[in-house]
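So that you can tell them apart, the chains are marked A, B and C in the order they are listed, and the count of residues begins at 1 in each.
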Amino acid sequence: MAKIRNNGKLTDGQVGFLLVVPGIAVFIAVILYPFISAILMSFTDRTLLSPSSNGVGFANYRKIFSDPYFLKTVWTTIVFVIFSTLIPFTLGLIWAIVLNQGFRGSEFLRGVTLVNWIIPGTAIGFLWSWIFNGQYGILNGLLISLGIIDSNISFLGQTSTALPCVIIARSWQMLPWYMAFLLGGLQSVPMDRIEAARIDGANNLQVFRYIVIPGMRQIFFLVLILGAIGNLQHFDIPWTMTQGGPARATTTLSLEVYRTAFQNWKLGQAATVGTIWAILLAAFSFVYLKQVKESE
Amino acid sequence: MFQKTLAFRIFFTVSAILIGCFVFLPLLWLINTALKPSDQTFSLYFFFGPLTLDNIISIITDRTIMTYLKNSLIVSFLSSFFATLVSAFAGYSFSKFRYKGRKLIMGAFMMSQAFPQAILLLSIYLMMQKLGLLGSYWSLLISYVVFTLPVGTWTLKGYFDALPDSLIESAKIDGAGNLKIMRKIIFPMAVPGMISIAIYGFVWSWNDLLYSMTLVTDPSRRTLAPGLVMTYLGEASTNWAAMMSASIVAAIPVTIIFVFLQRYFIAGLTSGAVKE
Amino acid sequence: MKKALTLLLVSLMAFSLIASGSGESSAPEGPASIVWAGWSGEEEASKAIFEEMRTGFEAQTGNKVNWVGWTWADTAQQLLIRLQGGEQLDIAQADIGIFNTIAQTGTLADLEDVFGTEWLESTFPQATLDVGKIDGKQVGLPWSMAAITMVYNPEILSRAGWDKPPVTVAEFEQCMADIVALDEGIIPYGVSTKDSTAAGDLMPWLWTFGTSIFNEDGTVNLGPGAAETIQWYKDLLAKGYIQMDIGRGDARQLFAQGKMAFYDDAVLAKGQAVSAGVDPAEVVNVCSAMPRPVLSEGDAPQSTMWGHMLVIFDASQHKDIAAEFAKYLVSDDIALRYFEQNGMPPVTNSASENEAVVNDQYLKGFIDSTATAKLDETARMVNANEIKTVIVEELQATLLGQTTAEQCVENLRSRLGSL
């Protein structure tokens, strides 16, 4: 700060650079240095059992690309990220519209909705695995007492239902977060333009389509990107609910990395999965950056 | 915003009921479990049955859990504060200044949010060990910035981009220095964005299990997520009721803080300074 | 709004002062303070007794014991990370499952040097000592040991018309049919079908059907009995005798609620029953150990070794104090107290012959099975977790109808062979 104060002697470029110095320092310490050492690690047989390791060239990469399950894991990750971003986004938007109506108690509901998001992820995982449990689950109990089903369904024990269950739990956790952002967005939509449109005879759908959505484009983009990144990194809920099973149905890249590194002790191989993941994402980021540039 | 036509009323009621059930029923079940005597945890009654405050009281009077809660609050607040501040400086710099290497640094920040955090952990652990920071709040504070910095910088850059350069130019003509411009003009306008980033960072830190468990082993500095897991998930038994009660108790102070903060961040957005 | 923001900033600054203030006041480390790591000191059920062990030793010797704990599931991983970081670590609790992994780091002290062969051999039975040996080197000190065998609920069995647990597999199936016929919604057998416990439960059944996963030399075995075992699992599932999505935790819960008749567990089974409200003295009425059913009468029933060990680290500056502490932990007084409080069976010659231990009805079934118990097949393998993950994935795929029992064995053979 003190240096910036002497700005008389500094050019704008120098000031700009100084501003980013704290960021760079933290970035190098906790991201860049660990990141580079992880990439280097991906070319070794480093394990958690010993600090020494040997270079193995591309052996880890070959191993992963010849693993018949790797593509499936990538696919599961994509499905998980897309649905657990879009479902709470859509529900969060509707919920924000409902709460934005300003009826009695809406402020209170808004606050209470946030509770879901603050409960530690592990506890949420346990809550939902209890709801979906195939033996003493709450959902099964409810469905049976309503006469909808005769015998318990093993929601988490079947490949077809396990991933949707995990996505529902994750959506429940994140809905409040989308709601909070989108509510802010809704309130920033200029009212005068809506009123003008009303005078021209626009109905609700037209107002939503031609004024609300364009007005919120920036915030939509922001929450979708942040949400997708969060889901990509997400670990707690699928880990507590299914440990990636049954038969790998809920194994995402994040779980795979954790399992390879901290259960199979193969740091080199885990770093390889991480590096491939980073490359895939770099492609995605590139598209994103291009988009940002074009909109500028 | 919307006219209360019949169609809208139907949409409103149906959504309110369905989403309300989805959001609140599991939450009520959580509270319900917290209020049941522990030998009734698995009976399927919903509030209508024996209820007790024993679980809640035993959490509130449990000094260990309260220490975890305090630690979590301190670490999450500070890390989200630091991360937001650092991100704001960096975001402003990327947005309004031009210098050599800017694009490269920007690209690097962007890329980094994508790398699996579990892998970064080992190097961070060894580094903290060398710096002698293991077991301190600092180790968590610094490494939690990892969760927020990239996203925060990019989001705030977006906010600053939306501010017209003319605003800065005219302030400069009035003789304001860079620091003054930042403090008086730029940052106040980015408050909503900063609060959303702070909240984002807060919840990442609040929820973190792996980093906290690895970097801090001393129970007096342990945060809530590992604390709950370690206390209630044992080799031999799982105490669900206590875990649910503890989650509820822990959620209360943060909910209050968020309800308070949310007003600012919505008010900030509505002020329109950012949008136009 | 600016005011509120300033207020927020100020309060955050205040917080940061508190944080940095308390950050510096870490406990002073005297020359004679050792670090003890593990998991049981974190768990509600054993927290008190671990605290007692620590403070008891501190009072007796004047040395300090610092406890560092994690969850049971994370202990191996956290120990490994800590070992790589070189933080102080003198003595740790390790169960049979993670013991070998820790030993593979080459950081464990040879206990024959630390304690002397004579003390070890005079204190523990030879068979027990052998469990703590790796490649002929004594690196684990036995602390608590028994078998993982089958556990049954005598009340449910008697309602189904069985006053004794079934002895053969055929009887076992009949018994499960009778339990289903009760129509009380009881799951007959809670064999694990998820997480790594599913692999652990499968092994003794493979042994029962006359095969194993690996040969002595570490090559994949999976003889004809393997497909038979997996087909048997499939049949049990089809008949509703076992279910998907059951792990050890689920089985314990259902069993404690009286909704399950059989499952596989160690002595620790008691913990969940007690926390579900069963009087510790009455546990044996609803939770008894039994020998695993055999194919034909007269075969030896199969079970897996279970236990906790103590390990001392070679890099420790205070191996003598760590050893003294270990001796204190296995001493009769403390070991019997641990048994009394938590049901952990003592292993020394003297403590295990104590009347309270010998006469304990609950423990008896587990101790009886120990005579023929074998080590988990992966217990001596570095990549035990990876092997188990593969086994569970393929087993689940078969049980869910994606592959046949024969395909399952083939997939296992090729995947395990290429590890």
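Here, a residue touches a chain if its C-beta (ideal position, glycine included) is under 8 Å from a C-beta of that chain, and two chains touch if they have at least 3 such contacts.
Note that this is a predicted model, so its numbers are computed, not measured.
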| item | value |
| --- | --- |
| Contact pairs, highest-scoring chain pair | A-B |
| Farthest-lying chain, centroid of Cα atoms versus that of chain A | C |
| Where chain B and chain C are represented by their mean Cα positions, the distance between them in whole Å | 36 |
| Centre-to-centre distance between chain B and chain A (centres being mean Cα positions), rounded to whole Å | 14 |
| Junction residues of chain A, two or more chains touched | 48, 136, 262 |
| Touching two or more other chains - residue numbers and ranges from chain C | 81, 84, 253, 257 |
| Contacts with 2+ other chains: residues of chain B | 42, 122, 229 |
| Of all residues in chain B, those that touch chain C in their complex | 38-39, 42, 74-75, 77-78, 81, 122, 125-126, 129, 134-138, 141, 188, 191, 213-214, 217-219, 226, 229-239, 242, 264, 267-268 |
| Complex interface listing, chain C residues touching chain A | 77, 80-81, 84, 101, 104-106, 187, 193-195, 243-246, 250, 253-254, 257, 259, 382-383, 385-386, 389, 392-394, 396-397, 400, 402 |
| In the complex, chain C residues that touch chain B | 1-2, 4-5, 12, 15-16, 18-20, 22-23, 26, 39-40, 42-46, 68-74, 78, 81-82, 84-87, 249, 252-253, 257, 268-272, 275-277 |
| In the complex, chain A residues that touch chain B | 1, 4-5, 7-8, 12-17, 19-20, 22-24, 26-27, 29-35, 37-38, 48, 91, 94-95, 97-98, 100-101, 109-123, 126-128, 130-131, 136, 138, 141, 172, 175-177, 180-181, 183-191, 194, 198, 203-204, 207-208, 212, 215, 218, 222, 226, 229, 232-233, 235-236, 253-254, 257-258, 261-262, 267, 270-271, 273-274, 277-278, 281-282, 284-285, 289, 296 |
| Touching residues on chain B, where the partner in the complex is chain A | 1-3, 5, 7-8, 12, 15-16, 19-20, 22-24, 26-27, 29-30, 42, 44, 86-87, 89-90, 92-94, 96-102, 105, 107-124, 127, 142-143, 145-146, 149-151, 153, 155, 158, 161, 177-179, 192, 196, 199-200, 203, 206-207, 209-210, 224-225, 228-229, 240, 243-244, 246-248, 250-251, 254-255, 258-259, 262, 265-266, 269-270, 272, 274-275 |
